[in-house]
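Both of the next two complexes hold chain A, though its partner changes from chain B to chain C.
Then we have the complex of A and B:
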């Protein structure tokens, strides 16, 4: 049975990370604590929403290659003020976050939403619906990032936003990339189980 | 011995298993059943060329100031511009050399140019220095003390190639089990993407334990 399109799909059922496997690197490497995840979410939301919205004004008559270059360059230009805002909001944390702010946040300027999904999905939607669908997709990414960050912080340090949580054992290794990969794999499977059940229920 | 050490570093510094860079591209290519070897070769080529051009810009055009805060926020513009030029040149050459067959390869170039594997290699190659430090050219270059000192075209090319080959190695490891991960024997909830993530996580765990031993 064909799933009926809903503008809120990007938040849960059509989640970009759990369902489509997009923008994995920042989640696997950076989302080791809830604070990190919030910073990644903010940077992602600012860069993606602004870039996809600006690029929607570009002419569809351009060749695919030229469009890709324009999207990527727009993402790069937008990332400058976006990362500056992130830095102003929490400068102490931003400057001490090491490879996260040096590599992974700038890389968000060429994330899959901008260079692949915008052209193949967002710009094919009606003009009025597109911003809302985009917003829900971005919220879906932020929710996944925060969930992964919170779970890893609890499991690896026994804290949440720095506050101690009473758990019997901590697994420090889960904050390494392997922990991110495995946790993401398990969350994807859980997401599938939940939504395939819901689909079955609605069919019945 | 050097060969073993080089192979070992391909694993321990692998873009995908240790830094997760290019994972989305790899999983997307796996889903589409793309030619992973072809894609890895193109990524290696673009990474090596990008590092060489960036190296030229830093050493000859004296752009090292950009590696310092707050100017490093502008690095995405510089790196995207470099990759864009290389991307357009490759597409142009492909059209000139292959003619009608070019269409077949263009999709690989599109998928390989603007992704975390290529752009991440550039960010890794030229590590921005801390705000309190003055930018000194050798300190800004990642490879200093490892293979070559200071900025060097060969060093930059090797660094780009090394990361591309690392991507190739990860692709080979994934393509070896691709069919099994999509097999009907795998529980439906884990089939495909979740299984790829767990498989990648297990290899990453093995490398992590080797490195931390």
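Then we have the complex of A and C:
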């Protein structure tokens, strides 16, 4: 059954991370705390929105291989000012982020939103609605990243944004990548349960 | 000839008796707290099972008792002083993720007890790797026991044994609740092998792997055998048919590589839990060997009545379970077929017709 298209789908129902399993690596590896998640979200939003918007002006006549090269190069160029902005906004925070985060932030310039989803989805939308849909998809990613970061910080350190939270037991392992995978898997299952139920209700 | 054939009931009892013996030794050494830890783990395993099965819309069956065995096996690797909250969370993780997600009622992808142990280890390392002295009777709550590193850790780091051989073999050293008593484990292993509960070839392969690796890595083989939960892992994780390939040669090769890896981890990284990590690292190889095994056997298995059983060690519940599955599948198929037929045949199907259809069975039942 086909669902009615909505421009806000990317935020919840069509969330790229929870529904399609896209851009999982930065969330699993970097979003160990809410602070890290905010940093990743900001970098992702800046890089992805700018790159997809710029790439939308490229000619559609280009071959697929050449187009991908152009997208990647544009992403790489955009990532410099984007990461600079991140550093300016919160320098201490950027510098204190873990080494894994420092590795993954530049890699966001070739995330699957840019190299896969842009061609197959965003550029097929009408020009006027495309930026809004893109914005909601990016917001969906940011929301998921922050949620995962917050849950992992609470469970693994017993804090939220550095403030202590009174929980009976902390599980350090949740901050490891396997913890991220399991948590994300549970959230995906929850997402599926909620929205498949809603779909069933709407069908009935 | 199948390795795990016939008299499944007897084997099951033997397995549980063996588990009970190890638990009994733990209780003798550490008092009532050890019993509480085991009991809590078993209860948590049952409750987790019920919840998972409720979510999966399935009913609790005899096969699910296997998860209690896994939970108990996991607890045997813990110290007696492990906090109850850790026992509960680890058991939930082992049963829900290890058993239900990765291979429920079939061949498990990972040994659930190993998954639970590694989860606990990565989350609460200090609580898991510090042990009380054996013989110290611990109260149920607020124990004041002095904890120290395990005998295995001291042996690996200082290359010295501070305990007598008698103490080591009897398990009266700083060690996990169920993995210390080497004599008991060795006797149990021999019995289990003789009763074809566990694979002799897997045990031999593992021992050979350890021997080769210890020779090249200049580690004393008896040091490896008496420490690092080696014998325990060999019985409950490596030779466990729930995860290990069934054919003797495949089990032998899989265990050999695990033994090599295990001894390497012990000598290079001084990991006292090396065999468990080695098991997890060997899983891809085991799965590959199982796949080869499946490709080699289908025609033979179809023709012969005595097929090789690949059911897990704790999961030997006979044919009852399979029959239940078959019945469920048949019922589902029949439902699907009847639904399809009803909708395909009636081209002009309307709501009124649906009401008529609903009424029909009632009339029939009244008539009968």
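The working rule: the second predicted complex is superposed on the first by the 201 of 204 C-alpha atoms of A that agree within 3 Å, B and C clash if a C-alpha of one lies under 4 Å from a C-alpha of the other, contacts with A are read in each partner's own complex, and residues count from 1 in each chain.
Rule of thumb we're sticking to: a contact is a pair of C-beta atoms (placed from the backbone, for glycine too) under 8 Å apart; a residue touches a chain by one contact, two chains touch by 3 or more.
Only a predicted model underlies this, so the values are computations on that prediction, with no experimental measurement involved.
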{"item": "Partner, of chain C and chain B, that touches more residues belonging to chain A", "value": "B"}
{"item": "Touching partner for A:89 - first (chain B), second (chain C), both, neither", "value": "neither"}
{"item": "Which superposed partner A:161 touches (first chain B, second chain C, both, neither)", "value": "neither"}
{"item": "Touching partner for A:176 - first (chain B), second (chain C), both, neither", "value": "both"}
{"item": "Footprint overlap on chain A, where chain B in one structure and chain C in the other make contact", "value": "173, 176, 178, 182"}
{"item": "Chain B contact footprint on chain A (complex, rising order)", "value": "21-25, 28-29, 64-65, 68-69, 72-73, 75-77, 79-80, 83-84, 87, 95, 102-103, 106-107, 109-110, 112, 115-116, 173, 176-182, 184-186, 188-190, 192-193, 196"}
{"item": "Complex contacts: residues of chain C adjacent to chain A", "value": "83, 85-86, 89, 97, 119, 122-125"}
{"item": "Complex interface listing, chain A residues touching chain C", "value": "168-174, 176, 178, 182"}
{"item": "In the complex with chain A, residue positions of chain B that touch it", "value": "17-24, 27-28, 31, 69-70, 72-77, 79-81, 83-84, 87-88, 91, 110, 113-116, 119-120, 123-124, 127-128, 130-131, 187-190, 193-198, 200-202, 204-205, 208"}
